[in-house]
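Structures incoming, each one as structure tokens.
Two complexes follow with chain A in common, the first pairing it with chain B and the second with chain C.
Then we have the complex of A and B:
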């Protein structure tokens, strides 16, 4: 299966490292693009060589060639879309994905923006073209939650999904609870450790968690909701006193995303939970609890971020596409 | 897809109830057998009607017809093998499964015995026949752990699997820890609630957990191990004092199955774990932690038993088979 990779930031580099380390997977890299160059070779490129070139020159290939040129070349079976993308508008990933689906190419992405902004439209494009659109990496990092909804728990009706969807917030809350730190202290620590960005607004105000919740809601029930439909409260107003009050009752506070269509519930907010609740997890971990009619409550937990963890999710999607489509050819 | 069901105990009845409740799944029941009768109709049977007959007469169909007759009829695409089976020898399920695979039929089973006794042989038969052998229901009840190993985390190399694989033991240990009950008191309570069998040997001595561990070890690494290779310590010798000592260090004790091929580790034993360890779960729940090279540690948790929960796993397998094979026809 021929793979084109758009975007060589942390995730793209992590993916190329894994493709180089696991030749047994049998994927052939035929194109790669970063923000200022691209390389296309239908015979196959060496992922390690691309990484070396990128590291030495800051570019992966021929300057002047772009992501759009890669797509237009058609020299791939699956487009892996990892370009730095606006999480609200979904661009430029949204345009790349539409364009690849319109050409009848499979798409795998780690970009939340396009999936949250136009899930229904992209799913319809993929369906019409008879190709796959997969995005396991957009929610919960390495945790195979979309696989669990679509495949592992297939046949179940889902009543709700509840989850810890943002590792930065979970780290801050864990540290406030464990060490009695203030929000500002815990945030400063998270920044130092690289768990929070210089501008943490997007994480601490619950927007990142809400975007992931929208993706889960549309995947599971095809609700057609967007970010505007989510009632969002972040953790930036949370006081040490609130955590102390919770602790007095053997509880703690976590930022929880919840969707339950029958109750019209689509919310991200800090919630008081008993300490032994499955969603009370530590540090930067993520967890998702799926409530179903047959399987009861199934919880998945693991690392919510990291370049190699994200590569794991992308590779799982690539293998799923190969297994589903290649066997029929 | 035409489905034949062998065995109408709790799991078989649960499955027929779900097939009756979810006609949208599109499975056609063409045969059913219990220990003293069977019914075969290539045009399709009504699952609710079969359940009614079974309830009213104690038999599902024509006495004299057997499971072997169902298999010989060939009037199905997938055999669902749920007969009461010896967990050590795997019979009679092992014979049924071999016979169906030899006929080129897909097989789904909830029976641990045959998978633990002859995984390599059955997998080879299925491969030669170009059909699927699926057994999600054998480990962790409703938790889609085999799906996670095979599909969701595909592309990863696994270094270890660690899990709480027996709900009866976990219930007993939870109650000993929470309420300071003795082993005998907690076991008596588990029996009253139906969480432990009249003869609990198989559960409390760790044999059930060890069989599931063998299945995971062979699924994940094709180790070719059997029950004899597992170092097993049960919970029946565990004292209140041991739990108190653990509690003094903010820890508790759980029965943990562990396999790590690089360390030659294949063991079921009570283990002291910090209270916030992901495998410290409550009551009859099960949990499995998969350690991988890319995704890090991914933990899945949920209900480890129950007829409808088991039906969920079986239906997930049926859908996986339909998706994989039907699309190519």
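Then we have the complex of A and C:
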């Protein structure tokens, strides 16, 4: 199966590293693009060589060639869209994904923007074209939550999904709880360790978690909701005293995304949880709890970010597409 | 609630067994020796806590044991929920916040634990609300949320709802 990769940030590099390290997976890289260059070879590119070029020059290929040229070349079966996320417009990924689907190409993405912005539209495009649109890497990093909803727990009726969907917030709250740090101190520490961005607004105000919640809600129930439908409260107003008062009751505080369609509930907010609750996890980990009619409660927990961890989710999607469409090739 | 029954031999044990089976919490068992009552029937009062939804089933189970219940006195406010409030709690009139919950008639503030770190910094409080039923607890929390929005306070609620 031929694979084209758009975007060579941390996730794109992680994916190329794994494609180089695991030739037995059988994927052929035929195109790669970053923000200023691209390379296309229908016969196949060497992922390790692309990585070396990217590291040495900052570019992966020929300047003048772009992501749009890669898509137009049609020299691939699956487009892997890994460009930076724009939470508001979903661009440029949205255009990339639409063009690929319109050409009858499968799409795998780690990009939350387009999936949250227009899931229904993209899913309809994919269905009309008879191709797959997969986005396991958009929620919970390495945790196969979308696979669990679609395949592992297929046939169940879901009543709610709750989860810790943002590792930065979970790290900050873990540190406030364990060490009695103030919010500002814990945030500064998270920045130093590279867990929080220079502008942490998107994480600490709960927006990132809300986007992931939207993706889960639309995947599980086809609710057709957007970011505007989520009631969002971040963690930036929390005090050390709040963590202490929770601790007095053998509880702690975590930022929880919660969707329960029957109760009309779609919200992200800091919540008090008993310490032994399955969603009370440490550090930058993520966790998702699915409530179902047959399986009862199923909780998945794991690394919510990281380049190779995210590559794991992308490769899982690629293999799922190959397994399903193998006969058509 | 208060449950009164005649005390004939074996009846007390027969009445107590279902209470624990139905998740009730016995607070007191009181014998009342009334002078005019005959020697073999003494009045017994059992004071216990149980959630509203299980009350009818419990009364049925006690009757099945052959115990006759003379009188049933109910009290209310059996659901409790604690939430954390953060913000300028005192300066936004904490008395008013509590008063508006208490004024509902179906819920009241049972406990308040306020931490005030320094002047002009936000305070944090653990506020415990009691209500009669689950739905009234929900209404009380809706009201608290509304007050919080109005006064610019942050509310941190438990995940998974109300304890009975």
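As a working rule, the second predicted complex is superposed on the first by the 326 of 329 C-alpha atoms of A that agree within 3 Å, B and C clash if a C-alpha of one lies under 4 Å from a C-alpha of the other, contacts with A are read in each partner's own complex, and residues count from 1 in each chain.
Operating definition for what follows: a contact is a pair of C-beta atoms (placed from the backbone, for glycine too) under 8 Å apart; a residue touches a chain by one contact, two chains touch by 3 or more.
Owing to the predicted nature of the structure, the values given are computational and were not obtained by experimental measurement.
Asks: Figure out whether A:256 sits in contact with chain B (first) or chain C (second), or with both, or with neither.
Replies: second
Asks: Could you look at A:279 and tell me whether it touches chain B, chain C, both or neither (first, second, both, neither)?
Replies: second
Asks: Would you sort A:271 into first (chain B), second (chain C), both or neither based on which partner it touches?
Replies: Second partner only, chain C.
Asks: Quick one: classify A:68 as touching chain B (first), chain C (second), both or neither.
Replies: So A:68 meets neither chain B nor chain C here.
Asks: Quick one: is A:315 in contact with chain B, with chain C, with both, or with neither? Answer first, second, both or neither.
Replies: first
Asks: Check whether A:10 is in contact with chain B, with chain C, with both or with neither, and answer first, second, both or neither.
Replies: In the superposition, A:10 touches no partner, neither chain B nor chain C.
Asks: Which chain makes contact with more of the residues of chain A, chain B or else chain C?
Replies: B
Asks: Between chain B and chain C, whom does A:247 touch in the aligned arrangement: first, second, both, or neither?
Replies: So A:247 meets neither chain B nor chain C here.
Asks: Output check: A:233 vs chain B and chain C. Expected answer is one of first, second, both, neither. What do you get?
Replies: second
Asks: Same chain A residues contacting chain B and chain C, which ones?
Replies: none
Asks: Contact residues on chain B for chain A in the complex?
Replies: 18, 22, 25, 136, 142-144, 147-148, 151-156, 276, 278, 281-282, 292, 294-303, 306, 308-309, 311-313, 315-316, 318-320, 323-324, 327-328
Asks: Report the residues of chain A in contact with chain C in the complex, numbered from low to high.
Replies: Spelled out, the residues of chain A in touch with chain C are 162, 233, 237-239, 241-242, 244-246, 248-249, 251, 253, 256, 258, 269-273, 277, 279.
Asks: Which part of chain C faces chain A closely enough to touch in the complex?
Replies: On the chain C side, the touching residues are 82-84, 86-87, 113, 115, 117, 122-126, 154, 156-160.
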